[in-house]
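Two complexes follow with chain A in common, the first pairing it with chain B and the second with chain C.
Up next is the complex of A and B:
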């Protein structure tokens, strides 16, 4: 295959560039290097998990591998490509990958390129209400047998993984496949429409102007450019939603041990607090990753604490009453002492909560605002949105990244169908199957996550007794539980 | 039934002295047939309409064959096409059923090619040369030209207006640029198109989509079209059966009961049944192989579905390989 060569700040397949340029020159009498757009079948803006898997899927499939594809990413991808950390250090940006996402990553040949010893499957979920104490336990135990096709994965609910491990693995797979014109370290500065000449009418083709001076003309422009998607703005697609007035605080934690059930059976924990859910997800060995949704003020306090006090707050979040916890958020310091005193007076079953946190890794405490956004549509003429560009979900279900993988799988399949039937892959007619396959499914999931958030964000009022009944009832109802677990494991939602 | 409103009144577009009618009106006709089928269900006729017993006249010697070469479009048609032309490529316009049907055409052609005795050799499934007769705005022609297995597509239609639309639309895709030689539109009737002298220079696949039901003398027409198929190549067409159901949906309901379209909009007598086509090709002796048939049904909201047996009722695909 063509090797990728670095030219003018971009990785471009040399022979492709040459032939493209030749074609262009043949067709047009004028040429100035700066203003001549390169023509691509797919230009993908955004080299996050969604964009990289889309390009990998297209390159790995013999039906679509002849398409000319380009990737535009603002960051320098060399850093992602060469990303490594020692075995006892973990990035704070982790996501749970559902078995469905993993199967997809396997099918495009990317999964083997991840550092697999840094991926942690988990087998149980413990979810409970911080106000009423009602609990729900999820496992693929007796009575909630996993669907037959999960036989190979055994009892795995999902896999915890660092986002950088995923993007770095995807880039390695893409390098192996070759044939992608990569424009990294290049921001999209403007998107306009293409030119019209005697021979060609590209006035409906998006023309992407990069900070590097390059211009890329796209048969299909894919917005994989995250929550503030410039591609979405270009297409005039609005993404209504709301901010939760919550921040997600993340951190990498070191625990007292491998977990209550050792290294073989790992457990994910989530407790609903009046300010939002706090989740502890297992990483390899003694490590866990934290996602704590809370008010911006609380998040600011948490970020300002010493590492010792931060550790105490996390332990408190899974054990103390919401009232105690609220008090500790008002302290400027001294949470460690406060916690060791209060925990003695708080009856709790240590095995029903995560093991004690003993340390937080330096530089891993960070926060980000939470919001719900759902684009009005995912497609427009010569535009498709995937991943966070199409929808941003509350992280309580850990579904954001997986929804993006579902989008990509569906869009890649839609493009494949269009190619085998001679359709122009950019027109809405060709893209419609992608929209109809993904929109309703994503919308249901967004709605469920949003309702859960609202239901569990109230500390008093009519909803509280209701939700305790809710969780206890769910726990007793095996079929409903299987349904919820199948969602968590990314099994397709059957709407009809 | 709404799409039927956009059908051409058949009386208006047929020259009065019946001439051998090339696929002059395929553009509109295709939309009309597809629209008609949009309301077609798989109901089997419980009681044959009297007309059903009448079989389609497959005469190849039209009694009044007036200057077939001049069989082109009249002014009424041109203005009608102009109106239709602007919406030809609108995915939500009246041609939507045709856009939705297009992928099935490729599925069917692939199915036909795969039954060729030599289908394992790539020579019969790659580097294909297509002739699309009655190409209209180019929905099929464009898509065929984009396929990696295609060498070239020659697409003909007698309406200059609709061809202008087709050519203009093709400019939106660099792959289809004329200098690439993948797609050529020719404003002609099949009668006027020169037949390549050497049989080997004729076409691998000749397509005739939603055309036959608008032709007065289908046997003569098929004789001409069939000549363009190279030995070993395929003639692939789609049309609509003349059945109680199609009569009911396109004639009775649309015209007589609801009065949505003027009487005579559909010349239902011209619909061609699958067994009549079989009979025609069988009558040519060993020239043609055994036909492939695929019936399709339009399910509102879901698009076209392949339904076995529905070729007897409504829209269907028909493919035959030229053996000699």
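Up next is the complex of A and C:
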């Protein structure tokens, strides 16, 4: 208790300090049988990329490094710390990191702790309509790339990275910085308000009850605990949205070569099928990661196929017509044979699609449901939400994790501002700048991804030629394309 | 020219990104896409044996020429064939091919690529099949109409090789559709069958052939309007795709079973109706002739009597 009063920069209100001093002078005549909760400045529930980034940012910044912080994570973080895979095996949960996210990770000192040989920058994107073949090609041609340290980096669109690589790197940096009370392997049993004791009135401070018996009281409780966030339910914030009735099938694939442009310049591919987009994103060497959004029935079929047939389905997804694909999804087996027949009669340009997939890594075929959720607000009294707890987006633009990192960057800046201006970091007034900076931007991105998904769900009708004309038009309008690429990369908006 | 090329090559060699662009351009020039418009001197190479690619002007000319020619002379089977080929693209033949790809039987047909010719079908064996089977009905119809499964003209002007086979298959199965519906080979029957095919396959040639109903006799036109056109639209739309029937496997099946499975009800027998109408016309003509003869006889008797009276009076 004295430590709290005396430590530099601790913000305990006057009346609490007075009652504390009174009690101390009285000589601890009260029994200490009632467990006084552990009080922290920031308690972050959730040890995913968003939570770990936030704590790293707070600890790395000298302005906020004195704050007493705690991390609560249900899973055992030792596994994440010691995560390692051989160079020819990749985890199936990968995300694309925009240059803005990478700049943020560099600024908090975490980027160098990622296994950089497992991070793959890519420099070109080919996106096309599966029904009509209308195509849009993204790459930073010479002269329109944003300024960068050297030429190749300036042409990078984004970086493909395994999620475990990111969390493991963040954890390494956090261990290096130290000063975080980590409660891993502890589930959150309940979140209530703190007690009112003789010394303190914590009735407006959230109290986290862990399965291990610990009780953490937070000046600011940050919910980085995923789509079904208990912190969000505690704060009474609802997250309306809808389920897409789609599953994202992921897998790690081995290709026949390093890519059409070799190892130095990698290309990401996305084809919009009527059932959903299928994306192949490059990983180091001959490997790629697949994200195929499709109906739950199709996802179940894909997961049940033999490896040879699954490989044939993936190759077919980028080359064959939607009619053929729909038929192949109804087959229980034999897609490899069907594919080798149909590919002879389907005119296609081999260089416009990814190279042939030759193998799928064992055990990496999995799926997860897709949905859209946006919390009504990101802040409440002494509560803030970041990452998937605040918003869930369709993966077709690869923006979900980057939105989370953007949230964290903004929240860390808001907390820094509050600290330098002597404010209580947990009150809504201090958190308001975070909400105003992030809410609208996230909402726009969620809306755009949702409308793209709906636009490309049509397989016939007037929408099909209209959207193809639109896509070809955007492909031809270089300034508009550059604008879209800058927004997707998270670069700041420059009008002139 | 040489100097410029060398300089360009040197510039390209310096920049790795531009190197790729140059390589892509070279590759694209090697696999040049088919030009949209060409003259008969620069015709692109064929996609399959017998393929003759058409330029847009040639295509338009054939649409008009073959269309009008086959309208005025329906015996010009070659013009009808050309008309079907030049009107099949865009969209319609691809839709038909996709309809085949969507069905397991259709896919098997596309894989096996069976052809119906007078040699591939064993007609004597079909004649020996029991009454009521598809094969027997087909052969009976061939004999009744006095036609043979002559080798239909090969498809020449459809660019995609698989779509060319689809059109060829449609052409060769046409006689089976006659047997399925029981419509005769006369102009009236052909027009009714074309209306049915249009409602089922959506090929433009079949739809435009319905305009040949304007060349029918008034009574035939009335019959077509009142009976056969409604029948064709109703059955064509609700029936399954007839292009997906693997006829070679259905020859020994009962034709009523097949009709039920496809959802096709046979129309009123056109030959019977025409025969009855001919009989009625003949009877009416005979009655008229008899009445005329009687009237003429009466008139001549009257005039003879007059003449005799006149002669007698003289």
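To be clear about the criterion, the second predicted complex is superposed on the first by the 444 of 496 C-alpha atoms of A that agree within 3 Å, B and C clash if a C-alpha of one lies under 4 Å from a C-alpha of the other, contacts with A are read in each partner's own complex, and residues count from 1 in each chain.
Here, a contact is a pair of C-beta atoms (placed from the backbone, for glycine too) under 8 Å apart; a residue touches a chain by one contact, two chains touch by 3 or more.
Just so it is clear, the structure is predicted and the values come from calculations on it, not from any experiment.
Superimposing the complexes on chain A yields a three-chain arrangement in which chain B and chain C fit side by side.
Looking at the shared chain after the overlay, A:106 reaches neither chain B nor chain C. Of the two partner chains placed by superposition, only chain C is touched by A:264; chain B is not. In the superposition on chain A, A:200 contacts chain B only, with no contact to chain C. Using the contact criterion defined above for the overlaid structures, shared-chain residue A:76 touches neither chain B nor chain C, since it reaches no partner. Put simply, if you stand at the Cα centre of chain A and look at the Cα centres of chain B and chain C, the angle between them is 130 degrees to the nearest 10. Legend: residue contacts after superposition of the two complexes on their common chain; A:88 is shown touching neither chain B nor chain C. Of the two partners chain B and chain C, more chain A residues are in touch with B.
Of the two partner chains, chain B is the only one touched by A:427; chain C is not. In the superposition on chain A, contact is made by A:327 with chain C only, not with chain B.
Once both structures are overlaid on their shared chain A, chain B and chain C have a minimum Cα-Cα separation of 47 Å.
Shared contact residues of chain A, touching chain B in one structure and chain C in the other, are absent. Chain C makes touch with chain A in their complex at residues 15-18, 20, 24, 27, 31, 98, 101-102, 107, 110-111, 160-162.
Across the interface of their complex, chain C is touched by residues 142, 155, 261, 264-265, 321, 323-324, 326-327, 341, 345, 347, 349, 351 of chain A.
Residues 23, 26-27, 39, 66, 199-202, 204-205, 219, 417, 420-424, 427-429, 432 of chain A are the ones touching chain B in the complex. Across the interface of their complex, chain A is touched by residues 91, 99, 102-103, 106-107, 142-148, 150, 168, 171-174, 177-179 of chain B.
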